[in-house]
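As structure tokens, here come the structures.
In the two assemblies presented below, subunit A is common to both, partnered first by subunit B and then by subunit C.
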Partner chain A sequence: MSFMQPSPVKYACSCGILNPINKLFFCRHCPKLRCGFCVCHEIESHFCSNCLENIPSSEARHKKNCCANCFDCPCCQHTLSARATTVPVVRKTEEPKEGESGAAEVTAAPSPKPSAMPTTKKMYYLSCLSCRWTTRDVGIPDQGVATGTWPDKECLYQVRFNTLMEYYQTVVLQEKQEKQEFLRRKAPKQHKFPSLTDRTGLTVSLIRRQIGWTEKSMPKPKTVHITSAEASADVEPLSADIFTQPLNLRNITTIAQRHSQPADQPTAVSRLYPQRRSLWIKRSLRCRQCEHNLIKPEYHPTSIKYRIQLFARCHVPEVVMVRCEQPLQAGQSNAILLKFTNPTMYDMTISLLDAPPPDAEVNADAFQQACRIKEEAITSSPLLKSSGVTLARQNSTREVKREVKEVTNATIVPLESEFVLNQRDDSKEFDEDVQAPIEEPKFIVWRKGNKVLLRLQFSPAAELQPGNNVTLGFCMQYTYVNTVSNTPDKEPTTHALYSRIFIHAGDIVN
Partner chain B sequence: MPLYESVMQEKPPIVLDIGNAYTKLGFAAEAYPRMIIPTELVLTTTGETKQLFDYTQTDQLYDQLVDFLQTIFFKHLLVSPKERKFVLVENVCGQSVIRETLARALFMHFDVSSVLFVSSHLTALSTLAVSTGLVVDIGYSETTVMPVFSGVQIMSAFKDHSYGSCAVHAEIKRQLLATGVKESLLSEQVLEDIKLRTCFVTTLERAQAKINEQPQQPPPSVDYAICDDDAVIQIPGTLRESVYEILFEQNNERDSLPHLILRAILDCSRDVRRALVESIFVIGGGSMVQGLLARLKAELQLLLENDNYYAAHFHGELQFKFYSCIGKQNFTAWLGGALCGATDLIQSRSLSKEAYLRHEHVPDWSNLCDNYRLNGN
Partner chain C sequence: MEIADTYYSKDEYVETATGNKVSRHTVLCGSQNIVLNGKVIVQSGAIIRGDLASVRTGRYCVISKKSVIRPPYKQFSKGIAFFPMHIGDHVFIGEGAVVSAAIIGSYVYIGKNAIIGRRCTLKDCCVIEDGAVLPPETTVSSYMRYTSKGTIEGGQGNPYFVPAAMQDEMANYTKSFYEHFVRTPAPAS
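Up next, the complex of A and B:
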């Protein structure tokens, strides 16, 4: 598989987008191909990519998705590392007692006997190993502990923002209450007996007063007064030195540096501040149709394995383009060599067609229907329906399915018969004995283990110009043995599935 | 207790302000955006970087928006968009195709529970706790002027022109090319960096002296190193002080920034004009340059005194007054959205998923169908 260059072989996903097989997933329950666009992404866990600490999602939200211990350089966005220095501490033999003797003694007479052994103390500062920025550059004092005590920069207008927020919340709440009150008055309650005094509410308050109860009234929300901002005619003038002083670009921050500190966006380099490193996430993917997990990573940040992995390349035969037999020429018949690999533990029967079988779509839908019937039985109880609660997750299949956009401009000659692709058997790779040659269809060039090299004849369209890209398209029908099944008997079921495959064979030669 | 909290606590709404150059993103009830990122995306097919709103077909825009939002949710905000509430800060005169496609991507692809569209000009004023003001938004591709009186936008007096940061970049490029700098060196990032770190708006006296051919001592030139190419170019002092002159250029169209502001005020009715003159609020990333407000004020006062048209229409002693924003100008509109998302408005005024799916359409003030429906009920 070529990782560095785009693959010429593309599979059509069930949503109609073309992708190479290593970007596709295979839902065993549907069973269909899925791509990153048509699955539901979910957040599995948060972790810090630097210290690899797992952070629970509630804590991550509380910490604003930042790691508590790691910092980024405000200059180059690299990770900062803590550096230790030793600072000599002059320890006095007799510590002046604070409070009693007071500060006057300390200033007046420093302890007469300086200690013979100056002790040292470890102090830490943060330093960037990439651009040599340190916290000392901006005057942050060294800390006694490496992590945890670095001060956060306070947002300057936080108090004002909180006042504003409180004010608007009260205003909106007040409006809502007034509206409700208005609606209540407008539509009086239907009583059995009509009463003229209902609308005024006079009787109620009279009776209440006679009994000696307190006045019934809505608790008035307290009004919050806010001082509005004042517009002023004095605007900050341009400083006169800008016309005379030379500009030192090293002292002015770039746009990336400013945006990495969105709250204050300093213009001077001396006001940059170490930024807490933002967390990373592990994602799990879920099929939108059947809500089953396609990818579920292991929880621990240090592990790169998966608990559930339904990559298409573990389930769908992989097609690799080897070469074209002759240079591509418009209208001239040619042949392409394709290598098929079976990644599953079951034999596959493969046939190549030039158009999808008409009933293929129906079959898949019928399968899905069967899957859903069971779920329906649970969720369709009348009680749940009436209360508006649905147990099943909300399906989001509203996304419009799109047509495959790729246009083929070559006609292929379908293979005369289907062929069998043997199961994957890792131990077979090391077998010495050569199999007895068996009768093979003519188009098979070579076969070993779970791999088959075959020759497919095609001819590019006659109207193609030199330099045009030749795209082959065919439909691969394969048998797939599904080991998970929704039927009560746990027998593996065999499906005939198909995928549409498009191959960029190359350009027409001059 | 943490479990209880996490279950019971309402998830904070996501506030997005997708600008032409930079996107501000964060959560409601927070005092500053989590991040400010360039509005561009990396195409998965070819790996090239592309501007979000650079598209030919609506389908293409939809795919790009989905990709862009995907990176916002899973790379920057780290929350699942499913069943979440959103506040979108939008330009009232923005393209409806973008608005519709954005809503479709959010509701159809990401399954969000509700979206609240707020107007950027109106919501920016809310950060001041005032209800009247003339909001001037200097953005990347355009400058817009919207008078707001008592919390109502005066749409008939809305003014805009296409001079924003983008035009300033083009001007820097033009002047540098004239001095003989190779064009290949001047990428958009380099131009932006030059603008940000070296340029400023000069004073009115110097600008007029220049027009009257009385050359003044230019500010010192700067040697600028382009890090990708190991090249050093000289940025002349005249360039540093003159690139922003395009905002104040005098021409017969009378559509420079001060003219735009004065015309917007004149288009309002008489009794609100004085209030607007005394409450100008300049926001947007383009307004963060040094000396802009001082120059704007001087220009406005000058026009009021010397220009016959304005002298005839404005009466009395007028003093232009400016608000200064909390936070920074480039996320003021976002901040207003964050305030709005913290209130109960997010429950009552949002476009819910059910309402959207009924018509697959976002109600719009300019659409007569929506207005009709509103009046009918």
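Up next, the complex of A and C:
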């Protein structure tokens, strides 16, 4: 098996999508499995993936989400690297002397002195090591410093964009002020006796005027006038030589090249220009139900650690398929060997069922209730309701129950009893194997530390054809000890959780 | 899925005191410059060019069949110079890969037949897909995946390209690879 191959064991996420366990997260507060679709993706930090520099979000916005130092090749979109060349430079140290006496100049010129020897200077150009494009190809002069001095190509419509942006910013500001003003007038004052003048703020402005102060109104945003864009039907006529000149496709840019340079979208290769490399982000993931973080990476771009990490594989027993005992044949009973691993610090009791328990939702209800109360506390405050403004993040995403699409085509023989999966103990790895033989259920093949290999009997459906994939599904019920809890006494609580697991056992053989 | 056992014959592989398992059918040039830091598997047909510059690997690395580890060089005006190559812990180098990177971090997966150009930097927890070709001096930062199409995807916290728990996954994978790389049992006589 390769690391990159898809895992045959899939877990059903709480939203009903099947995922291997390494793509799933476990929300301890809900407590449920979450996949990439049922979490909020948020930007944690910006960084440049080439120079690995962390860039604060305000600076990133200012720099239009581009790195200040790194450039992409306009030809193949790979990163450009600076190359150094030595250019001969004639040092002019003798100049003031030469100006004094004209006779000396004539004699000095034909016999160069050692001080006037050409010295070298380092100059830099950018080169793509993937497609061999260089800045010299398009006539950009070499620079004396490797980074920072490369000129930006000014966009043709930059002035227009700036005025448009300015205009819309004032529009936003104005709307905001109007809304605030509206709210101020509308909001009922907590006075015993209602007063008419208070509603308009008339008295305040009257008094201010009598004292001789200026009006206490917000500074009116200055209005920016923009000229509306006009459509024109004037199109440059095609030049006649387009029909006569042979087309050299090597000089024409590709679609990808044009899109990577959106400001001018050049058609000729000679007008390609190095593009600033766009920044990358680190994401933090947040449960959409309870708004707790599932993943929060550290800021630093080179750090691989997490401040919060709730991977499913650290909380949910991991099921690994080892092998089937016999070649798969339709209708014939077979057995599959599965390895269960307990990743938590508490013992787990596991039972395998062939259908989800009907009361499985009840256990999680208390948590759901707590989440709902918190949510309602935010949304039901009267002021916010009246204004229609929600301060909280939009939490309108109700959990959509989706039926698990996977259909099983094998029947399993449920295990006759439940079994205990021991807690994880990293020091066990170095211990000698001195486990007292204990009475094990018959289906357990071996047990080592927090791992159990068990034998599960199943039979593929009789109507399967050779070559069909055999999928067996079961419901794993396990006890989970939650160390975070909403109960006032900070005692860890134990839940009986379940997850549905589907295993692609292989193909039916002839 | 559990890794199937890979068997090797006792005659083919040399096992060192620190647990390195090195095939005899490899080309290890300049072996005094090659440091394998323990529990490293070097499979048959691999070439490590320690004669050019020193090569140092961490623990639990897998250097698969027919892969080439070649220290990077840089061209100067007066000729070229080779630079030492560092490989971190829990690094998997796939079959037929040609690696000329300057630094490979820990928990890195390099796919089959990938070509890593000279002086590339592969940071911790990155993935190079099978058959990807990295031009020289490329940086692949953490939790990024370099695809065979030549694009970089992913990023930390993006669950679709590199698993978020890449560190644990690679540690598990290389450890179980080592544990399942076992000597052929002697025939019962």
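We adopt the following convention: the second predicted complex is superposed on the first by the 360 of 510 C-alpha atoms of A that agree within 3 Å, B and C clash if a C-alpha of one lies under 4 Å from a C-alpha of the other, contacts with A are read in each partner's own complex, and residues count from 1 in each chain.
One rule holds in what follows: a residue touches a chain if its C-beta (ideal position, glycine included) is under 8 Å from a C-beta of that chain, and two chains touch if they have at least 3 such contacts.
Just so we're clear, the structure is a prediction, and the values are computed from it rather than from any experiment.
Shared-chain residue A:Val235: touches subunit B; no touch with subunit C. Residue contacts after overlaying the shared chain place A:Arg34 against neither subunit B nor subunit C.
In the superposed model, A:Tyr167 makes contact with subunit B only, not with subunit C.
In the superposed model, A:Ala263 lies in contact with subunit B only, and not with subunit C.
Once chain A of one complex is fitted onto chain A of the other, the partner contacts of A:Lys339 are limited to subunit C, with no touch recorded for subunit B. After overlaying the two complexes on the shared chain, residue contacts for A:Arg424 are found with neither subunit B nor subunit C. More residues of subunit A are in touch with B than with the other of subunit B and subunit C. Of the two partner chains placed by the overlay, only subunit C lies in contact with A:Pro297; subunit B stays clear of it.
When the shared chain is aligned, subunit B and subunit C each come close enough to touch A:Arg283.
Look at A:Met321: by the touch rule set out above, it reaches subunit C but stays clear of subunit B. Common to the subunit B and subunit C interfaces on subunit A are residues 36, 41, 281, 283. Across the interface of their complex, subunit A is touched by residues 1-4, 77, 92, 107, 109, 111, 117, 123-125, 127, 129-130, 135-144, 150-152, 155-160, 163-170, 173 of subunit C.
Subunit B makes touch with subunit A in their complex at residues 2-3, 5-6, 22, 24, 29, 31-37, 44-45, 59, 63, 66, 70, 73-74, 76-80, 82, 108-109, 111, 126-130, 133, 192-193, 196-198, 200-203, 206, 217-220, 222, 224-225, 240-241, 278-280, 290-291, 293-295, 297, 319-324, 326-328, 330-331, 335, 339-340, 342-345, 348, 357. Residues 6, 36-37, 40-43, 46, 56-60, 64-65, 155, 157-158, 160-162, 164-165, 167-169, 171-173, 176, 226-233, 235-239, 242-247, 249, 252-255, 259, 262-265, 278-279, 281, 283, 394, 396, 398-400, 402 of subunit A are the ones that touch subunit B when the two sit in their complex.
Interface of subunit A with subunit C (complex): residues 1, 3-5, 7-9, 22-23, 25, 35-36, 41, 44, 47, 49-52, 76-79, 81, 86, 128-130, 280-285, 295, 297, 301-304, 306, 309, 311, 313-314, 320-323, 339.
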